[in-house]
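Here's a structure for you.
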Amino acid sequence: MTERRPARFYQVGSFAAGNRLVSLAERTVQADPSRTNSITSGHRACQGCGEALGARCVLDAAMRATDGNLIVVNATGCLEVFSTPYPESSWRIPWMHSLFANAASVASGVATALEVQGREQIRVIAQAGDGGTVDIGFGALSGMFERDDDVLFVCYDNQAYMNTGVQRSAATPPAARTATTEAIGLHPGNPFGQGKDMPRLAMAHGLGYVATATVADLHDLEDKVIRAMGFRGARYLHVLVPCPLGWATEPSATIEVARRAKECGLFPVFEAERGRVTSVSWIRHLIPVEEYLRLQGRYGHLFDADGRAAQPEVLERLQALADANIAAYGLLGDRP
Amino acid sequence: MLSVPQQLQVRFHGRGGQGVVTGAELLAMASFREGHYAQAFPAFGSERAGAPVTAFCRIAPRPIRTHSPIVEPDVLIIQDVTLLHDLNLFAGLVHRGSVLINTPRSPDELGLQERIEASELRVVTVGATELALAHVGRPVPNAVLLGGFAAMEPVVSLDALLYAIAEKFPPVLAKTNCAAAVEAFRFVTAQSKEHCDAAAD
Amino acid sequence: MLRQIEGSRAVAEAVAACRPGVVCAYPITPQTHIVEAIGAMTKSGQLTGCRFVNVESEFAAISVAMGASAVGTRAYTATASQGLLFMLEAVYNAGGLGLPIVMTVANRAIGAPINIWNDHSDAMAARDAGWIQLFAENNQQATDLHIQAFRLAEEVSLPVMVCMDGFVLTHAVERVDVPSQDEVDAFLPPFTPRQVLDPHLPTSIGALVGPEAFEEVRYLAHARHLHALNTIERIGVEYAEVMHRPFCGLVSPYHSGDAELVVVALGSVLGAVKDVVDELRSGGAKVGVVGITAFRPFPLEALHRAVGNASQVVVIDRALSAGLGGILSSDVAMALDRRTSIATVIAGLGGRAITEHSIESVLRDALVGRLEPLRFLDLDHAKVQQELAHLENEGCSLPTPDTGLGATGLTKLVGRVGT
Amino acid sequence: MSDQPFAITLEAGSSLSNKTGTWRVERPVYLNRMPPCNDACPAGEDIQGWLFHAESGAYEEAWRTLVADNPLPAIMGRVCYRPCETVCNRAQLDEAVGINAVERFLGDLAVAQGWSLPEPAPSSGTRVLVVGSGPGGLAAAYHLRRLGHSVTIHEAASRVGGMMRFGIPRYRLPRDVLDAEVARILDLGVGLELDRPVTDLAMTLATGGFDGAIVAVGAQVGKHTEIPAADSARILDAVRLLHSMEGEEPPSLGRRVVVYGGGDTAMDAARTAKRMGATDAVVVYRRTRDRMPAHAIEIEEAAEEGVVMKWLSTISSVDEGRVVIEKMELDETGFPRPTGQAEELAADSVILALGQDVDLALFSDMGDVAVRGGVVGVRADLMTGRPGVFAVGDAVGDDRTVTSAVGQAKRAARAFDALLRGEPMEDHHRHPLAPFYSLNTWYYGDAPREVRPRLELARRTATFDEVKGGLKEADALFEARRCLSCGNCFECDNCFAMCPDNAVIKLGEGDRYRIDYDFCKGCGICVAECPCGAIAMEPERPTSGG
């Protein structure tokens, strides 16, 4: 993560994917022309899909970390649907889709079999959207965690069921509008006080490694994937991947939205080992939550036509959530 | 080899924890050793320790195809005397059937005369629990009781039974159970002799 | 080697002899003894090169097996009843993907009302999942079928379900010849998967298939099943030779060749039926029985041949399709000529004992043409009449299921057998 | 694949046959924008261009890129008023890039390393006269020489350098630096004739057999104003004063000196007086500070050195040892008018710095050369009414800085060359400007508060002979790397890395990227995440696309 690599302040493109002034090793995997492109062109994801990008970043990094010895199990969801509609597949790595709820279990089977075959050098990643992780897939996931099977489970969190038309999931944030939590009535959008803190739940299983990341910081995301592949046993990576369709954002804003989610404190980016938080990606330029929410149509009901706060009390509650994260994780680091 | 009539059907009664099902299995194994065809199976239930448990054993000279429960047993093996109060205990027992009861008391003391005479039953008792406690140190009468059965029914020999016990149980447990079974065998043999003598009078 | 052994134990040892790489299961009565035994064998070291995975549900059990199978490892699991239904989504998926998993189903009724005893409702609920379903008549067959199941599954790239009646077989201690490791090795070659997840030859397994190709996919699955009919017979023959067993193929006929009345049934009830058949034949009645070993793929031709010229077929159905009646009998009907009449006997639901006596009375009724198209064996008529009457007072009048169905076309099929 | 289950199992990567480019309604295109620094540089330097090389420590390459436009970086790095830094986008992020300091670093490094200017092109046989050896003259000579023309400079003074030597005090421009960069130009084979004032250009051209001339005479004549003064009063001219600082005996000014005027020259005079031992140096100016023509930096530095400013004041009379000052006030139009209030100031001498004029007598016999308001009339390409005769620097007015003189000299030289070759002056179209909002500054490391003072410090350390010190190599590198590369791709790989459709093709170091329109869905992430605004969306043309 940014804190781990030597800081190169003032430098041109210090935080860009690549930087001609630093060694190839210090650039992102995505900056490398020889990257795997684990999910290749021609997939049917929406314009500006954060999940398509996130999956490529995660898997390409994992491919580098495992020297190409990777098998991926995919839960049902957008990622699976847009990547493998007969007769074309976008995957360039061994990939299997079984069901919505059982990706973790199938991955357990793959990992166990590889162990029996004495081919432990081949590593296994199970991946799912937030629905396949925190909701329908949670039982299988918890079982895989508890058995400490040698699987990295990656959740591409776009905070709702996008594949079926943007319905609410247990990862949908408060006040967000979905097809099943419409922005109408006394309390528009998703209720406060619900949902699962999945990374914390993963940590509660005592996993060797748990981390969160966003598609906005490739260095951080890739470092965590590579780090995760350095562990054996069950691991969990939670990646925030904005969805232009479900969040009602500009396709071009995907990265910016993810960046703001982190910079306002609503999405804490951190690493944990054996249930303890070991490092935190600091907020670089703290922004009020409005600057994050404003970009998204799913929060449109919180602002009036002129972009002024239509429901200040709701914004305050959301800001309070961000502030709580900032305090809980020390997201401002040692800066005033 | 000891002969079996066309088919001998045994029903075991006991309580959860007394090894009723194991008793039926042991008898089947002994019969197998003896060269017969046998089939043992429990009366499947969701009972827990203490509840009445029933098990069955079929013994035949040729392959047993049926998997129906035994409705008309030739022999009852009652591992727990307190079950005698249950009227259904004797349900389906054939005329002139045999009953082996785990108790130190004599059949006469059990107040079964009426029933015995009505069905011309042959009732044998042996204090298997006491023997088990004495030899095995645990009140598990199943194997012991089978010693009595071997003496009572000319279907499985004592050797076949001891072989089955040795095969089923871990060494120490097998040894002590065999000892108890042997004693039960002798006891019943003696008892039957008396019976015959008495009958001869 | 000949042994007096519990059915579950015999099956466990047969499966172990097939050298599975991954065995996973979730506890459910009456399947537990099988996986307990295999688990013990992996722990004791008796079964090497195998991992036993304690999963958190049947859904995970089948899924773990799928993952293992997808990387070319022989995978096995066992379940029953609610467990099979809980994993059913993945059961269909494994069937669709053609992953050669072998699964024991210790047949048990499905609640509600909750019931732990034997019938075939669970297997019937999964009959269209694309799996091969084999039914064992006794524990010797259960043992043998598991060994053939692995060979079969891997040859035709389809998962195989070996069904054995819960408790009746799983908990019965019988004389079984459990094949030795050498014998099994001689019969069962190492697993070479049709499709495998491999970093060196990446493929994408489990695509989204639209209307443009879905029907073709299903057609090919059907073709694969029909092809399996021959494979089952071929493997049966080979197995009989290697293991010195009587051949057991798609169906097992018994005195059916010259029979005018043929009983068709699945599983452990066949033993009792055969006893009854002997009994009736000794009385001169021309009765026979055909046991169905392969329920899926369904052996239409083999069954047709086995039934021969029988004018009447009585199907003993150990499951009920409420609102229709027999499930097995519907399939059997497809294998019969028009002139052959067929009657369904619903028997042994939820562990209800099927006694020789009851079977015999059914057959005697059939022989004199007094068997209704649908009969519930040993039904407590007093009880149901009372309940129906009660309902009638409530204002809703119901036909009694057995006579009620008598009004349907099925009656026309019932002909009298020469007396 | 044949044995694989039909439709259920698919070939890896087969989606490449699905050309998603058809989804696109807008397409991203790479472009170059004009960085504000380049846009603002009077010398027309490609600042971003030479910073790019400096960033990687390729200093000689950086210097060569620099001198392609300006042969005097060491001088420019000292005397330029840095309009580039005023407009630098980085100023809105933390602090403007210290362009001038890096330029000076490169200039000094080149002198120290003895790097020589590029070899001239083969001789064109054309002879060009350059009048004056100031920045304009030297730059013109340099560019013409490089283009293969033979050049002769006629310098009126007995020493080379013009106003750089006789106008800019040593403490701002050490003479060894001046000499070194001049020598480097002369080494190219530029002829220099000292003490050769050109009084009649037409005649000089004719007699000298020149094909043309570039006139780069400086504003050397101090303006005067009538002030009642006692004979004993000591009044000098700033231009002369500064001139006399070179070589011959400098005049004595006394302890108390009053400078009259508000331009850079006034500041130079006051600060020079200070250095000559004056205890008081007072600048008297009739308007307010914000109207002072002198550059802010000059005023600051003068103030730091103890120079006192008297705003809204005029000198009404001068006597021995004192001057009388009248207070002024600004009228509503902002024009100063007398208040009548008088005030006395002790003064041993008064220096007049009221501006300079150019002596344009050399054009007197050229009817076709228009001279109006003390400056020569020139076209956009700096040619006077007489074909082949160009004028640059002070002579054409403008802001009369070294930097603009150098810039004009370059343009004049190129125009002259084009004229001689009979080619039209190629007018390279200017790219659209790269404003701050076109950048995505997230990707540039910020300078935390604590290091900002250090930035300034690194650029100026007071010494006696030279006010500003040079940068250490580390600081120069650090400074160069602060450049945002506004409007021009620096190959950060963001577009390549962040395209959800892998539709950006990396062409390799130095070759930038190409959009694969077969697959680009036109989401615009590459545009949004380009740090320097070098990609833009444009409407899809119906005919093209994936």
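Brief remarks follow.
Order of writing sets the chain letters: A, B, C and D. Residues in each chain are counted from 1.
The rule we apply is simple: a residue touches a chain if its C-beta (ideal position, glycine included) is under 8 Å from a C-beta of that chain, and two chains touch if they have at least 3 such contacts.
Bear in mind that the values here come from a model prediction, so they are computed numbers and not experimental data.
Each step here moves to a touching chain, and the least such steps from chain B to chain D number 2.
A comparison of the A-D and B-C interfaces places the larger number of contacting C-beta pairs at A-D. Computed from the mean C-alpha positions, the centre of chain A lies at a distance of 49 Å from the centre of chain D.
Annotation: 35 Å between the Cα-based centres of chain B and chain C. As a whole-number value, the distance joining the C-alpha centres of chain A and chain C reads 45 Å.
Remark: chain C and chain D have CA centroids separated by 93 Å (rounded to whole angstrom). Residue numbers of chain D whose C-beta contacts span two or more other chains: 7, 10-12. Chain contacts: chain A has residues 83-84, 86-87, 89, 91-93, 95 touching two or more partner chains. Counting partner chains per residue, chain B has no residue touching two or more of them. For chain C in complex with chain A, the touching residues are 21-22, 24, 49-51, 53-57, 59-60, 63-73, 75, 89-90, 93, 97, 197-199, 201-210, 212-213.
If you check the complex, the residues on chain A that touch chain C are 68-71, 73-74, 80-81, 83-87, 89, 91-99, 101-102, 105-117, 122, 139-140, 142-143, 146-147.
Remark: chain D residues 7, 10-20, 23, 55-56, 442-448, 451, 478, 481-485, 490-494, 496-503, 506, 508-509, 516, 518-519, 521-525, 527-529, 531 touch chain A in the complex. Put simply, chain C touches chain B in their complex at residues 3-4, 6, 30, 116-118, 138, 165, 167-169, 171-175, 268-272, 274-275, 351, 353-357. Interface residues of chain B facing chain C in the complex, by the touch rule stated above, are 24-25, 28-29, 31-33, 37-42, 44, 46, 63-69, 71.
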